[in-house]
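Next up: the structures, one after another.
What follows is subunit A paired twice: with subunit B in the first complex and subunit C in the second.
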Partner chain A sequence: MTMPLLKPRRKNPVLRTRQMNVPPGARSRVALGMTAAAAEGRFALQVCADCGAVQYPPREACHACLSPRLPWREQSGLGTLVAETVLHHSNDLFFRERLPWRLGLVHLESGPTVMVHLHGDVGAAPQPVRVGARLDRAGQAILIGFPRDEVPHMADDKMLREMTHDPKFRKVLVTDGMTRTGQAIARALVDAGAEIVWVGIAEPWKRHGSGLDEIAKLPQVTLMPLDLTDSRSVTELAGEIGGKVDIVINNAEIHRTFGIAARRGLDAARAEMDVNYFGLLRLAQEFGPALKGRSADGVVSATAWVNLLSIFALANFAPHGTYSASKAAALSLAQCLRAEMRQAGIRVINVFPGPIDDEWNQNLPPPKLTPAAVAGAIVKALRDGVEDVYPGDVAQEWLERWRDDPKVLERELAAGV
Partner chain B sequence: MDNVQLLATLAGAIRTGGIRIVDLTQTLSPDFPQIALPPEMGQCWAFRVEEISQYDARGPGWYWNNFSCGEHTGTHFDAPIHWISGKDLPHNSVDTIPVQNLVAPACVIDCHEQAAENPDYLLSVADIEAFEAAHGRIAAGSWVLMRTDWSKRKDPEAYQNFDETGQHTPGPSAEAVRFLIEQRDVLGFGSEAIGTDAGQGYHLRPPYPCHYYMHGAGRYGLQCLMNLDLLPPTGSVLICPPLKIQKGSGSPLRVLALVGA
Partner chain C sequence: MTARRGYDGVAVAVPVTVPYVRYATREAHWFIGQALKALLTQSKISKDEIDGLTVSSFSLAPDTAVGVTQHMGLSPRWLDHIPTGGASGVMALRRAARAVQAGDANIVACVAADTNHVDSFRLMLGSFSHFARDATYPYGSGGPNAMFAFITAHYMRKYGARRDDFGRICVAQRANALAYGSRMFKKPLTLDEYMAARPIAEPLHLFDCVMPCAGAEAFLVMSEARARDLGLAYAVVRGAIERHNAFSGDPVMERGGWLLDRDDLYAMADARPDDIDFVEPYDDYPVIAMLQFEDLGFCSKGEGPAFVRERTLTFDGDFPSNTSGGQLSTGQAGAAGGFLGMTEAIRQLTGAAKGRAVKDARLGLVSGFGMVTYDRCLCTGAAILGSVS
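On to the complex of A and B.
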């Protein structure tokens, strides 16, 4: 059984902070299909559309019939561990620093035999296991052999914790505590065992009736002045706590409900861009370097960056047109942030909720996501180590239609469908 | 003494400190709070500053910034065109205001004890009459400044002073505003709080009476002033030229007071 993670001792401040060496990150274009599925928490393999053969490792043609038609299909992962070994030596810097490391071969019920990292709760071969895909610190898909059934403290496994971003014992910054969603996120992090939750507040004179005072009573929560429209405020907070933050959750947003014609002038659109896009840029410039510098800093290293985007980032929802545009800009910038942070082993998680049940979506019909559901999705994404999350029915449906044909979705949205 | 001599004497007195200059201006900083309207309305920008370069790759030998703000950010001037009641008056915007109005005497009515007791305190006609009984009649063309020591609230939350019913800051009553315009022909009204009107001014009749009547009569406003406690009740002279913004409704500005001795 995995030993539950104990609260780590304080760091010795005269010792050098270990720097990250990410595991091998090169993948062929075809192999990135597995990464794309793992980025959403799915284990997928190529399945031949002509002969039905399941294939691993990924290739351009079917190993059985040479067909090039190889769509990715989600797998159950059920199989048998047929062989295992423990690495005591590696010339790869990532593994060298984390030895010993257990590897195995799993014969999947669907056919292929795959190489896996082994969870500590998997006994000696032969052994029934469940294979799951995760992203490693290089952001690439790897496979993990899990025990068939849940066991206590599974998430605390040393190998698994390298692939995930569990908030337990970590120090987290939530950029806006003035909204119900921000408050729900702070509460969920406390429930997940975060050691410190710094909660940003801008324009504190507007706090009356916001619910902020309730979360401020939680002993793990500390309110910090933070206004993403103010570069100096972001710089000051990064100077104060940047070197301690393990997870940044950027939930700050401005949301107005206008298209182009419904509002004269730029004030609302500019305010949206200033927080939703430039706010992310300011935050990333100030907090990014500090996180990158601490990404291998022990079991409570800096580990992840979460952006609360919107499903409207994928395609413009005209009644909230300028908001959609600002979220599309934020999505593009988040991809840039991900590319830069990946080199240091920091995961950037983008969350694309459908409409949240808040004041600015008051006039949208249900289903709407509760703030608690958004918070739950964020904590789950951190624990699972995924990159992209589409919580709720509306987001899932939009995603499906967008993947099916973005042009068709554009036309449907324009027609108000 | 002719006017040339007068000016030379004034300059000499300023140089030697015989006439003191008191700065009535809050520092423009991102930390200084901005007036808050209901969120669905348009908002005046807070002061923000972005570095252009600081002796670095973006400009190796020099330091400078870009800043952004609204016409009504920080210590600022309100022109008559700011309010709908003054929209059609001549010379009603900051670029067309007669410049001689930008240097004028000031009367300072001390309400700091009342404001300490009641943040919603409204300056009354009786307060003005009591002031005049002690210090003489308010001269036409004067600024009337309401000293509340509100500027000493350095914490932005205390300065804004919101609760569930909105903002609570002192200002003038509708009757006092009309009295100052109709009976005393003042140049304008100045306040230490974030507006010339009280925080609860929307509930007065008419709403925001200081804006409505002052600007409707072509008079001006000054807000977010400080150091009013360093001014004498009468006898100081304000220098307060707003930026010359085309059709500007107001402008952040430096407000200086000349004080004899």
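On to the complex of A and C.
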């Protein structure tokens, strides 16, 4: 049984901080289909559209009938561990620094045999297991052999903690505590065992009545002055806590409900961009390098960066047109951040909620996401190690339509459907 | 099915070895060049008389066999590039023998060579195959150790093999290597030392693994008539088989393609396993040598452990195996590891295995096993060579 993770001792400041070497990240193009599914927490393999044969490793032709039609299909992952090993040696730096390391060979019920990282709670072969896909520190899909049934403290497994971003014992920055969503995120992090939650506040004189006072009473929470529109404010906070933050959650946003013709001038649109886009850029320039420098710093290393975007980032929702545009800009910048952070093994998680039940979505019909649901989705994403999250029914529906045909979705949205 | 045509009239001769070194600053071409030079020196033929060439190498890239012709100033009328590692020796022999029988070439030089720079093994591992890059290399074993640990663990569980059974193979081969004069391993190995070695990928420990090194092996293939004219000591090819990607439905490898073709092999050679005087199985890990004892008919499936307990595997024992020490005790010089058994078998059958000669050796079996692209070696092959009586 996995031993529960104990609160790590305070770090010796004299010792050198261990540097990150990410595991092998090269993949063939076809294999990236597995990464795309794992980025959303799904385990998918290619299944032949003509004969149904399940393929692994990923292929360009069906090994049974040579069909090139090999779409990715979600798998149950049920299988039998048929052999295992414990590595005491590796030529790869990432693994050398984490030995011993347990691996298994699993015969899936669907046919293929797959090599997996083996969870510590899986007993000796032969053994029923469930295979799941996760992203490793290189941001690429890997397979993990889990016990069939949940066991206590599973998330604390040494191997699994390398692949995920569990807030337990970690120090987290939430950039805006003035909103109900920000407060829900802070509370969820405390409930998830975060050691410190720094909560940013840009305009302290507005805090009373916002709900922030209750959050501030939690012993793990510390309010910090942070205004994402002010470079000096971001720099000062990074100077104070940048070297300690393990997870950054950028939930700060300005949301106004205008398109182009309904409002003259640039003030509202500029304010949206200043927080939603430039705010992310300021934050990433100051906190990004600090996170990268601590990405291998033990069991409470720096690990993840979360951006609260919007499903409107995928396609413009005209009644909230400038807001949609600012979120599309933020999405693009988040992809840049992801590419840069990946080299250090820091995961960038983009959250694409549908309309949240807040004052700026007052005129939108239900279903709307509660702030607690957004917070729950963020904590779950951290624990599962996924990269893209689309919480809520509206987001899921938009995503499906967008994947089906972005042009059709554009026309539907223009028609107000 | 049409009966296979035999290899009548084909001679294999002039086994050469370019001494192994742990690390080399030279390129693969240097080792190929030295191997070719040794072939010419020992056979006393001129370079122009080599009109066929096979090349096996991992570290030759981006060159292939054709680049070697220009590099070495050869102009063969028959050429083959055989990058199949542990199976390349048997495969080169089969192809060269057919070329000679068909008259496409008179004298074929079969060469396997690899260099080993300080970091080249690690770099090769990550680009060994598409499947390895996508489905094994990211898991950290940094090579085939983990996959062969699975194969070994599975075999132990299913057939009751113990670590010391594999140890017997390794210890006997070390004794053979010392008689051979291996430059890589100079100390005897006891079973106690084998058992006490540090773990690498459980159940594999240090002496279950080969040491990557640089070196070359080569031999010539020609007609018996040509070999006699040149006054060369030679062995004849009594039979040879190969098979690729066999038993792909087995969840874990526990048998190899030899099983599918061994009846043909022994029929071609007009021999039975009992008639074989010595074997040279491919030995990247000892479990693989054990699989070959089974799949080539020396014992039944699952009887490998009992077999190695009952038999003595040294060159002077009752089942001489890997009489020059195999890769486990001479090192793995890349693709040359796939030629090691072939050059040694030729030496044993031509009276050139000084100090480790198998008594009255008339028939030797060489088997190859190569290319772990994902979860098993794909290429299997075997050849029976005979002495000229």
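By definition in this document, the second predicted complex is superposed on the first by the 417 of 417 C-alpha atoms of A that agree within 3 Å, B and C clash if a C-alpha of one lies under 4 Å from a C-alpha of the other, contacts with A are read in each partner's own complex, and residues count from 1 in each chain.
To be clear about the criterion, a residue touches a chain if its C-beta (ideal position, glycine included) is under 8 Å from a C-beta of that chain, and two chains touch if they have at least 3 such contacts.
Just so we're clear, the structure is a prediction, and the values are computed from it rather than from any experiment.
Visitor: For A:56 in the superposed arrangement: first (subunit B), second (subunit C), both or neither?
Guide: second
Visitor: Thinking of the overlay built on chain A, is A:114 touched by subunit B (first), by subunit C (second), by both, or by neither?
Guide: Touch partner of A:114: subunit C, not subunit B.
Visitor: Taking the superposition as given, does A:27 touch the first partner, subunit B, the second, subunit C, both, or neither?
Guide: Once the two structures are laid over each other on A, A:27 reaches subunit C alone.
Visitor: Go through the superposed model and pick first if A:94 touches only subunit B, second if only subunit C, both, or neither.
Guide: second
Visitor: So in the superposed three-chain picture, is A:82 touching just subunit B, just subunit C, both, or none of them (first/second/both/neither)?
Guide: The answer is second: A:82 touches subunit C but not subunit B.
Visitor: State whether A:128 touches subunit B only (first), subunit C only (second), both chains, or neither.
Guide: A:128 sits against neither subunit B nor subunit C.
Visitor: If we overlay the two complexes on their shared chain A, which of subunit B and subunit C does A:289 touch? Say first, second, both or neither.
Guide: A:289 contacts neither subunit B nor subunit C.
Visitor: Contacts for A:271 in the overlay, against subunit B (first) and subunit C (second): which applies, first, second, both or neither?
Guide: First partner only, subunit B.
Visitor: Have a look at where A:208 lands relative to subunit B and subunit C in the superposition and call it first, second, both or neither.
Guide: A:208: touches subunit B, not subunit C.
Visitor: Which partner, subunit B or subunit C, is in contact with more residues of subunit A?
Guide: C
Visitor: For subunit A, what residues appear in both contact lists, the one with subunit B and the one with subunit C?
Guide: Of subunit A, no residue contacts subunit B in one complex and subunit C in the other.
Visitor: Using the touch definition from the top, list the residues of subunit C that touch subunit A in their complex.
Guide: For subunit C paired with subunit A, touching residues are 121-122, 125-127, 130-131, 133-143, 145-147, 149-151, 153-154, 157, 198-204, 248, 251-252, 374-375.
Visitor: State the interface residues of subunit B toward subunit A in the complex, per the touch definition above.
Guide: By the definition above, subunit B touches subunit A via 30, 33, 36, 40, 42-43, 46, 48-51, 156-157, 159-164.
Visitor: Which stretch or stretches of subunit A touch subunit B in the complex?
Guide: On the subunit A side, the touching residues are 203-209, 227, 229-233, 256, 265, 267-268, 271.
Visitor: For a test of understanding, state which residues of subunit A touch subunit C in their complex under the given definition.
Guide: So the residues of subunit A in touch with subunit C come to 23-28, 31, 56-58, 63, 82-92, 94-95, 101, 103-105, 107, 113-117, 125, 136, 138, 140, 142.
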